[in-house]
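First chain written, first letter: the chains are A, B and C, and each begins at residue 1.
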Amino acid sequence: MPENTMVESTRENIVTRLFKALRLPLNDPFAVFGLAVYAVFLLTAVFADQIAPYDPTEILYTPDYDLAADLRPGEQGHVLGTTSLGRDVFSQIVHGTRSALLIGVTAAFMVALIGSIVGLVSGYFGGWVDAVLMRLADIAFGIPFLPFVIVLAAFLEPSIWNVVLAMALVLWRDTGRVIRSQVLTLRSRGYVDAARVSGSSDFKIILRHIAPNILPLSFLYGSIAIGWAILTEASISFLGFGDPSSISWGYMLQDAFASQALAKQSYYWFVPPGLCIILVVSAGFFITRGYENILFPKLGR
Amino acid sequence: MTETLLSVRDLKVSYKVGRGTLDAVDGASFDVPRGSIVGLVGESGCGKTTVARALTRVIADNATISGGQLLFEGRDLAAISEREMNAMRWRDIAFIPQSAMNSLDPVYTVEYQLNEVLRKRGGLGRAQARKRCEELFEMVGIETNRLGDFPHQFSGGMRQRVAIALALALNPKLVIADEPVTALDVIVQRQILDQLRELQQQLGISVILVTHDISVVAYICDRTVVMYAGRVAEQGTMEATLTQPSHPYTMGLRNAFPDLQGAASGMLTPINGAPPNLALPPPGCRFAPRCPFAIDKCTTVSPETLEVAAGHGAACHRADEASKLRKLATRTETWMTTEMAEA
Amino acid sequence: MSHLKAAASRTLQLAFVLWAVVTMLFLMFRLMPGNPLAAYIDPTFTEEQQQALMAQFGLNEPLWKQYLIYLGNLLQGELGQSFRYREPVAERIMTLLPNTLILTFSSLIIAYAFGIIAGAWLAWRRGALVEKTAIPLVLTTRAMPEFWLGMVLLAIFSFWLGWFPAGGTRPAGANYDSLFALYTSSDFLTYLALPALTLAIYSQGLPLLLMRSNMLDVMKEDFVTMARIKGLSNWTVVVRHAARNALLPVMTSFAIAVGYQLQGNVVVETVFSWPGLGRELVNAVSNSDYPLAQGAFLMIAVVVILMNLIADLLYALLDPRVSHA
C-alpha cells in the first residue's frame, strides 16, 4: 500500500511538474482567449459526429427528391446552407476542425521534436556535428516552403500528410537554430560541466539539465507551427493538391472558388471556413505572444 | 562671494513606483556660483543624477518634479512652460553624459550631430556651422579631419571629448557633466578632466560635475555638494569639505576612494551597509543606520543643515563635534564597529 | 576589409545552399516513381524531339554523368522543354518573372510604407487604447489565408462593387506594343490593384510589428534622451533619431520578405489568374509538366536565396557600424 501511494504521488508530481514546465500564459487575456478557442475547437473535433447534423461528404436531397444544392443559409434547416454539390456547409465546418487540429498538432509536434533534437545535439556536442546540422539548416532556409510542398505533391499521392512531411523536412530550421543558441547559453553556465565532472553521461545531462530548460521554447515554436500547418494545408487544398476524400476548411474554400462562389455571391461558402481558419490561427498567435511575454519578460510588450 | 548662477531650493523629485511614490530627491538645496565647478557627489542611487536630469527637465516618464525651485539667473526652471524650458536647453544648459558611446547616435557622423545643434538650436548657417565645428574640435584637441567619422570610430576618450565639444557648441552658461569620466581609465580620466577645467576657465562657464568618485571632486572641483539618500549631507568649498569634513558620511566617503593623483592614501575603508530604501526612508537622519557616531537623536529627528563655517554646512546633529569625529573616522576600527553593531 | 571578407564568405555559403537545393531537385525528379525519363520527355513529343532531349540531358548515361550534364545545362540557363507549351522552360519563365516581381515589389512597398509608419506611430502611442487594440488586429491579419483575403476582396470590390477586374493583367483582346507599354498602362494598374492589396494587407504585419518593437527599444537609448536634452523638436527626436535607428533591421527584413512573398504569390496569383511564376508552378504540377515545375521552383529558390544575400549586404551597407568599421 505505501509503495503504491508513493508511485501515485511521484506520477502526479511529474504531471504537475510538466504542467508547470510548460508555463501556460494564464495572465494574458488574449492568450486565455486563444486557449479557450483551442478548447472549443478541440471539443468540436472530438464530438464532430454528434454535433454535425449530416455526413459532410453526403450528397443531400430535398424531400421532393431534388438535389439539395445551393441552398442559402437557413433554407430547409441547413444552418449555413449547402454547397453546389448538395453537401451541408455547417457539417463540413464541424468536421473541418478534425483535419485542422490533426494536421496542426502533428505538424507542430514534428517541427518541435525535430527542431529540438537538432538544436540540442548541435548545441551540446558542437564541433563537426554542429557544423553539419547548421549547414543543413542553411539549406532548409534556402528552400521556398510552399512551392516545396507543391512540388512534393507532384510525386506523392494527394494527402494532408504531405504538409506534415514537408513541414518536418523544412520548418524545423527556425526551432533548431533558436534551441541551439539556448543550449549554448545553458552550456556556458557551470552546472553542465559540473555534472560531467561528477561522471554523468551526456544523455543524462541533456535529459536532466538541458531538456527541461528548453521545453517552453519548444512549446513556443510548436504553437507557432500549428498556425503555419493549418494555413499551409488550406493553401495546398485550395490549390487542389489536398486529399479530396477528407473535408478540410481549405478544401471547402477550393470547392467554393471552383463552384463560382464569387460570381454567385455565395458568401456562406467561403466566409465561414475562412473565419474558422483565422480564429484558430490567431488563437495560436495570441498564445504564442503570451508565451513570449513569459519567456522573454524584458521585452515587456 | 561671486554671483550665483543657479540656486536649487528644496528640490523634490518623485517617482511613481507601482501604486506608491518614491522621493528620489527629497529637499535638496545648493548653489552654483558663476564660473565654478561644483562637484555633486554620492553613492549610486543617492539622487545626484536625478538632480542633474531635473535641471534639464528631461526626466523618466514616471518621474515628476514635485516640489522646490530651480532658480537659474533668478528664473525658476521648475515653473516655466515646456516651451520656455526647451528654448533654454543646450543654449543655456548643456549636458555631458556618462557614456558618450550610447549618447551619440550611431548612424550619424559626429559632424552631423554637431551641425544638428548648431543649426537647429543655434540658428547658424551652413558655412558658420562648419567653421564652428572645426573650432570646437580644435578646442577639445581632435583633428578636424575626423569630423566626418562615425561615433564608433573614436576611442572612448575621444568620444568623451566629442561629447564635451557638443556640450560647448552653443556657449552655454551651465554644463552638467554626469559621471563624465567614469567609464575611462585613470590616465584618460586626468586628460579629460584637465581639458574640462581648462575650457571651463577659458570660457568662464559653470559646471556641475556629478560623480561617485570623491577623488575626481578633489581633482577639479571648486565646491562640493555631498548627497546621501536624496538629501544634501554636506556642502562647502572643495578644500573645506574634503580636509575638514563635518558630516560622518563625507568622512567615510573620503576613506573609501583612492587618490586620482595615484598617491597611496593608506588603506581604503568602505562604509558598511547600503543606502536606505527610499520608498521607506528611516525616520531621523537617513545616514544614522550606517553611521558609527549615531546617537539616539539621530534616529528620531531629521537634522537641519548646520553652518560649521562660512559657506560650509553639514546636515548632522553632531556637526559641532566634527573635529573630534574626524579623528575617530580616520581609524579603520571605527568603521568596523558599525558592522559589528549591525550584525 | 573585414566586411568585404564577411560578404565573400556569406556569398560562398549561399552558393553552397543553392548548389544543395539544385542537387535536391535533381534527385527528387530522378527518383520519382515511374519512368525516369518522364522528368524531361513527354510521350507525345516527336521521335526527333525525344532523341534531341535524350542527347541534351544525357538521359541514357549513368546517373552521375546525368548530374554533371544537368549542372552544366543549368549554368547555361538550359532547363529543358515545357511539355505543355512546347517551348524552352527558360523562355517561359523569363516572360513570367517580371509579372511576379512587379506584383511582389508593388505589394511589399505598400506594405512597408504603411507598416513602418504605423509601427512607429504605435510605438509612440504605447499603452494607449489604439495600440492595445491594433496589435491583436495586426496579428489577426497574419492569421488570414492570403487566398481567402483575395477572395473576399474580389467578392467585394470586383463582383459586388464592380470597381476592379476579377483577374488577369489586361482587358480581353487588348494589345500593347511592348511589355513596357503594358506595365505603364492605366488598365494594368486596375488589374494590379486587388492582388497587390491582398498581399500588402498580409505583409504589412511584419514591418509593423518589427518597427514597433525596434522603436520601443531605441526610445530607451541614451542618444534619444540626449536629443531631448538638446532641446530638439519632437519630430527630430522621434523621426531623425529613434525611427532612423529602428528602421535598420526593418529595411533588411524587406529582402527576406521578398522571399516569403514569393510563397504567398503562389496562391494569390492563382486566385487572381495573375500570369506569374507561382501560378505557373501550380499549373505545371497539376499538368505533370515536370521540366516547367522544376524550372519555376528553381527560379523561386534562386530569388529566395539571392534575397537572403541582399539582406545581409544591405544591413552592412546601411549600418555605419559595419560599413565604416
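Going forward, contacts are C-beta pairs under 8 Å (C-beta built on N, C-alpha and C of every residue); 3 or more make two chains touch, one makes a residue touch a chain.
These numbers were taken from a predicted model, which means no experiment stands behind them.
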| item | value |
| --- | --- |
| Chains in simultaneous contact with subunit B and subunit C | none |
| Chain whose average C-alpha position is farthest from subunit C's own | B |
| By number of C-beta contact pairs, the top two chains | A-C |
| Chain centre separation in whole Å, for subunit B relative to subunit A (CA means) | 57 |
| Computed distance of Cα centres, subunit C from subunit A, in Å | 25 |
| Residue ranges of subunit A touching subunit C (in the complex, touch as defined) | 30, 135, 138-139, 141-148, 150-151, 153-155, 227, 231, 234-235, 238-241, 250, 253, 256-257, 261-263, 265, 267, 270-271, 274, 277-278, 281-282, 284-286, 289, 299, 301 |
| Subunit A partner contacts - residues on subunit C that touch it in the complex | 13-14, 16-18, 20-21, 24, 28, 32-33, 136, 139-140, 142-148, 151-152, 154-155, 158-160, 166, 213, 216, 259, 262-264, 266-267, 270-271, 278, 281-282, 285-286, 288, 290, 293-294, 296-297, 300-301, 304-305, 308 |
| Residue numbers on subunit C that touch subunit B, as the complex places them | 221-223, 225-233, 236, 240-241, 244-245, 248, 319-321, 324 |
| Subunit B to subunit C touching residues, read off their complex | 56, 58, 86-91, 95, 97, 99, 102-107, 109, 116-117, 120-121, 149-150, 152-153 |
